[in-house]
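What follows is a pair of complexes built around subunit A, which joins subunit B in one and subunit C in the other.
Moving on, here comes the complex of A and B:
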């Protein structure tokens, strides 16, 4: 156990330069080279002393490293001050938006990965046959359609009077009049975004998982199992899927920070759903620096943390993986 | 020396031979060439130059004078789509070439000096850049550059080179342990000469495959960024067309949307097919896998 503890500690220490790096980049881009906010906070015809006072409040008179440390402190304490546009604490805005984004993106994320693993297994089992070719051609087709196009087209098809008109065009009214969570209302609002997320990820995921499974197929123990006359289905589930779990889990974990932000940015801004994506989109449009520096910094740190946790989990799952990194 | 050059020739000859048999790959190549032809024509001023002319025919249906109809202010959608092809190629080529160059330099340096301080520094920079969510990074760059004309291009290059550098790095590590590199060192060639004449030429097939992948990412990303208002600032692009088409769609006019997304789909599809075929033909590791 001592060995594991040392390993965990080692991994955590290894993550520190990365965290410092990502925070430094977001600080330099968003704060240091970001727009000068002095005159945004001042009234008309400010006096010399007003200007100096606001610049002091914003920390513009401080040296570079001091301001960077102040930014780190903001990240550590989740205290980013008030949004320039909404006049609310950024932390409150984020804590209200995160559950919405999770509820919105999770079903599509889970379904997209499950369906992809199933399709990839079917393709790998019938490698080279027409089933494989059909699935893989479908994957290339799916990969070639822009996410944006899918979102717009699905909204027209499922939620407009030019199409089926089954679901609401936009919004996120998932609570009933008493403020209680309503499952039917949730399903009503989440379906079209979910379909779009599944559709866009299916092609990439299927190709990735098929490659992983085919790699497994060429391993010696599979050849042995086949030679012993085990049924293909047994081999698929019992021997292959189990060994392919590590790359599958890696992919799933690494896409979590990305879907919370990048995926929801388009979906939420287009469907008008009040999650992290919409907040970020509005902050980009309005140049709302406190929100942007919070979102950029926090997601980057979250990604590094996920990376470290993933490596620690592998070690626990498979003692053969040693602490080597880089290559 | 002689055997080295003939072996590269045979790699390319074999790859071409295999590519010719790959029907999907050839289809991809034809599509890409067709789009390249269209955008060269725009660049030479042969067609697509009336993309910003307005007319009195608003939201017209497709006809012989307007192949794909007109948009809400009477502009010819076909001309806009064709002109946007040139913009897509400009973005794709600029981002791809710059990312390849940067990735090649960084990857070769860190691979040749593997496990040195330089290597760790380059790996750290790549780790940092890969950890920042892409669209936010672009937004941050656009913010820092105060909506500069090339903010989007710079942001894409800053992110895309890392994947190339990683591929090149591991290939360079593999090559530098080969006997002919040792032989080069033994006869006293400088490191610079070895890298330039004997290592980099052996990574060109990887650069070609990676280049097609970057190109696809660049044009797909341009569309999303332009839609979000972070992309193309001058001229017209498929992303800007899709952005303006969201208004038309609500009124039941789909020509703008279908034209822009259809052209985008065809070009991305062509590149995807070509990229797959190139990978099959050029990547020795893929031989034996079906």
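Moving on, here comes the complex of A and C:
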């Protein structure tokens, strides 16, 4: 059997206990510690029998294990039924929201990581010099300011009538009158959220990547390359960055499920963007179990996939890693 | 280095330059785009389901009455609120004994198109649709929240539910006599019935569509109201004008237009025209105050907002009388109105410490404790701290928004009286050693914590030990409501939104048989009160009925069941290119069909 196929199958089988564990723990939390939707859905003058009816309708009267097995079946079939609160199929809600969150977060994610690697390389290269201090000061600044403050400030500066008034405050109208995707409209709506995301993520990412790269600087192969008289750029890209790829891949890959499933609640709330972050938050607050079950389940599955892809990338980045396949 | 920084700024500038936006500071742009009139409304909360049988919040109700037809509606501009026929041809014919209501529908109204209809074309709305729509609230499979309005009041409706909820066999008290005639037979006179037929809960739904969509009907509603839902997500609902909506011209004078109140808003231009006037309605659900305000002041986004709490300093010059900042006056139209409801603190009268046990000595002491706490409560300070001094403090449980409100009633129960409270405690041997733990139960939030801190300060003034005053937050309203309904909250903070402009709607909160899990969260049991309530509940509005209401109000005040109350005031702002008179209180969302833009 092909090495990678065998590896994928192996990882998928390994992922099953992880999925079961995550779903079980989260389901226990949902059932025993989550909001009780019964008392949200009651009318203004309910009777005891009304309470029983609502509990039956929500399935709260079913035994725990029966409900958990039903959840696993839903996860297998990817059919999570209808939202208890919104009267919409969960699959529809997610299929509409996930692409929006991806389109919203991806530019910030990519730019945030690329710029951070570039800044980290510059800082590492000029370690201890004013460039390093300036970059790190900027990073600390980005990390220190609350994301909420940054969102509000950027909205005021770039979008509101009190500031530059260049971009929309809210909305996600990225299609033209014919329903076709409009690139300019997309850029118009995504720019300020992206700037805010980059501003915040840059700080954390730059510090992390700088630390990784500085550690590489002390390695013998870099000293050797320097002794051989390689150009600094060659050392930086060919020897240092390539060897630092493992932690960089780890950080990047494990951020992906957060973008796909969690989105960004604050960005979506303040910019009026109907993404998955907002849906998840509202489901948590309302105790909308079908939506929560779907989000938790998909996150667990995605983590398994990401784990698998990350390990494949590790092997590509460093052929010494064989993924434990014994080959 | 400088050139490196310049490029991103230039890029942003070019990108912004590509947009066709008005960059002037807060200047409004035309709301007519490609000949289509678009109005962008905003609300500070979100609806959940759009199914009218679940329209229990102001947000859901607002959406419901714009997508569905109701038999009655409130006059657009008339205050105090006054009903008018909507889909009904006239007011009901009521039998002499007040038990049988006969209602005629206007002919020729149809549902909007849907594949579930024959040939996909919306059919006429009939009396059977109304019957079906009311019965849906009683179907245990539907999770409706409005059945309490008619429970036990329409002949046979409760039995219909227990007998299996067969829609083909409606109860004898709710019948479609013919396509356009409805007959409702009551178990006892119910003067508030017509009010309930103006609520979103009574929105008329087509059976074939509901049965086709099942529970999904709540997100893909089809009705016969002034607007048709195009799309709906967590942030915004897009609706289009219903092209088949009945052609009725607007008579602003019949709707309650008064020059001294409404002049200058452009409403006169709507007279004689046929609503809805706009082609597209957008309702933006924005809980975040900063974002809503930025969007509103931008000029080309949302066109209406209530003034967020943290912007009242920006908007108001003075609270009494309300004076707006000249910049606001110059740029926007405004109105302010009192909420149809109030906030209050309540005691659980079945609590063994704060409530009544039947032991005269205990009951006298617990009443003294409740009354002392009420005397320590400083409504004026609460009003200033949290409502910018805009709220109206009133005694008892009949708020200023109902016609039965008594402006002459003594304000003693809402006046700060620390010496009186201390005397009362001393008289009944309460001291810092034997005062019981005071638990403050609420849905947890920063604001509620601030309310608690203030309450603790009030209690400290009557020597209530700080360590005995405890904050009991719940993670959601559901959990809080569960504690209240299960009688686990000796003291709680709540708000009540009136369903209709009749004090019966608040008095029923103290009616003994309505004790928890019913609406009587106080578990107040007073046979005399119950007797008066039962007598008044079958009476038509009259001075005699108002007198009974006042007696009941006084009983609740005298028994110190509740620390009440304060009706909040909202300031509405809207762009000057919008012609409207917004009011989301009892009128609900009915005003949206009269909005015009220029």
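Keep this in mind: the second predicted complex is superposed on the first by the 260 of 327 C-alpha atoms of A that agree within 3 Å, B and C clash if a C-alpha of one lies under 4 Å from a C-alpha of the other, contacts with A are read in each partner's own complex, and residues count from 1 in each chain.
Keep this in mind: a residue touches a chain if its C-beta (ideal position, glycine included) is under 8 Å from a C-beta of that chain, and two chains touch if they have at least 3 such contacts.
This one's a predicted model, so the numbers in the text were calculated from it and none came from an experiment.
In the superposition on chain A, A:208 makes contact with neither subunit B nor subunit C. By the document's definition of touching, of the two partners only subunit C reaches A:88; subunit B does not.
Look at A:167: by the touch rule set out above, it reaches subunit C but stays clear of subunit B. Once the two complexes are laid over each other on the shared chain, residue contacts for A:152 go to subunit B and to subunit C alike.
Within the superposed three-chain model, A:285 lies in touch with subunit B and with subunit C [touch as defined at top]. When both complexes are overlaid on chain A, the residue A:269 reaches subunit B and subunit C alike.
Using the contact criterion defined above for the overlaid structures, shared-chain residue A:21 touches subunit B, although it does not reach subunit C. In the superposition on chain A, contact of A:78 is made with neither subunit B nor subunit C. Legend: residue contacts after superposition of the two complexes on their common chain; A:186 is shown touching neither subunit B nor subunit C.
Common to the subunit B and subunit C contact sets on subunit A are residues 35, 152, 156, 160, 162, 269, 285, 287. Interface residues of subunit C facing subunit A in the complex, by the touch rule stated above, are 12-13, 15-16, 18-19, 21, 23-27, 34, 46, 48-51, 54, 56, 140-141, 143-148, 151, 215-219, 233-236, 284, 286-288, 290-291, 294-295, 297-299, 301-302, 475-479, 481-482, 485, 499, 508, 514, 517-519. Note for the complex: subunit B touches subunit A at residues 114, 119-120, 123-125, 127-129, 131-137, 139-146, 170, 173, 220, 223-224, 227-230, 239, 242, 245-246, 249, 252, 254, 257, 261, 264-265, 268-269, 272-273, 276, 289-290.
Of all the residues in subunit A, the ones that touch subunit B in their complex are 17-18, 21-22, 24-26, 28-30, 33-35, 127-128, 140-141, 143-149, 152-153, 156, 160, 162, 214, 218, 257-258, 261-262, 265-266, 269, 280-281, 284-285, 287, 289, 292, 295-296, 299-300, 303-304, 307, 326-327. Those residues of subunit A that touch subunit C in the shared complex are 35-48, 50-51, 53-54, 56-57, 82, 85-89, 96-97, 152, 155-156, 158-162, 164-172, 177, 184, 187-188, 191, 268-274, 278-279, 282, 285-287.
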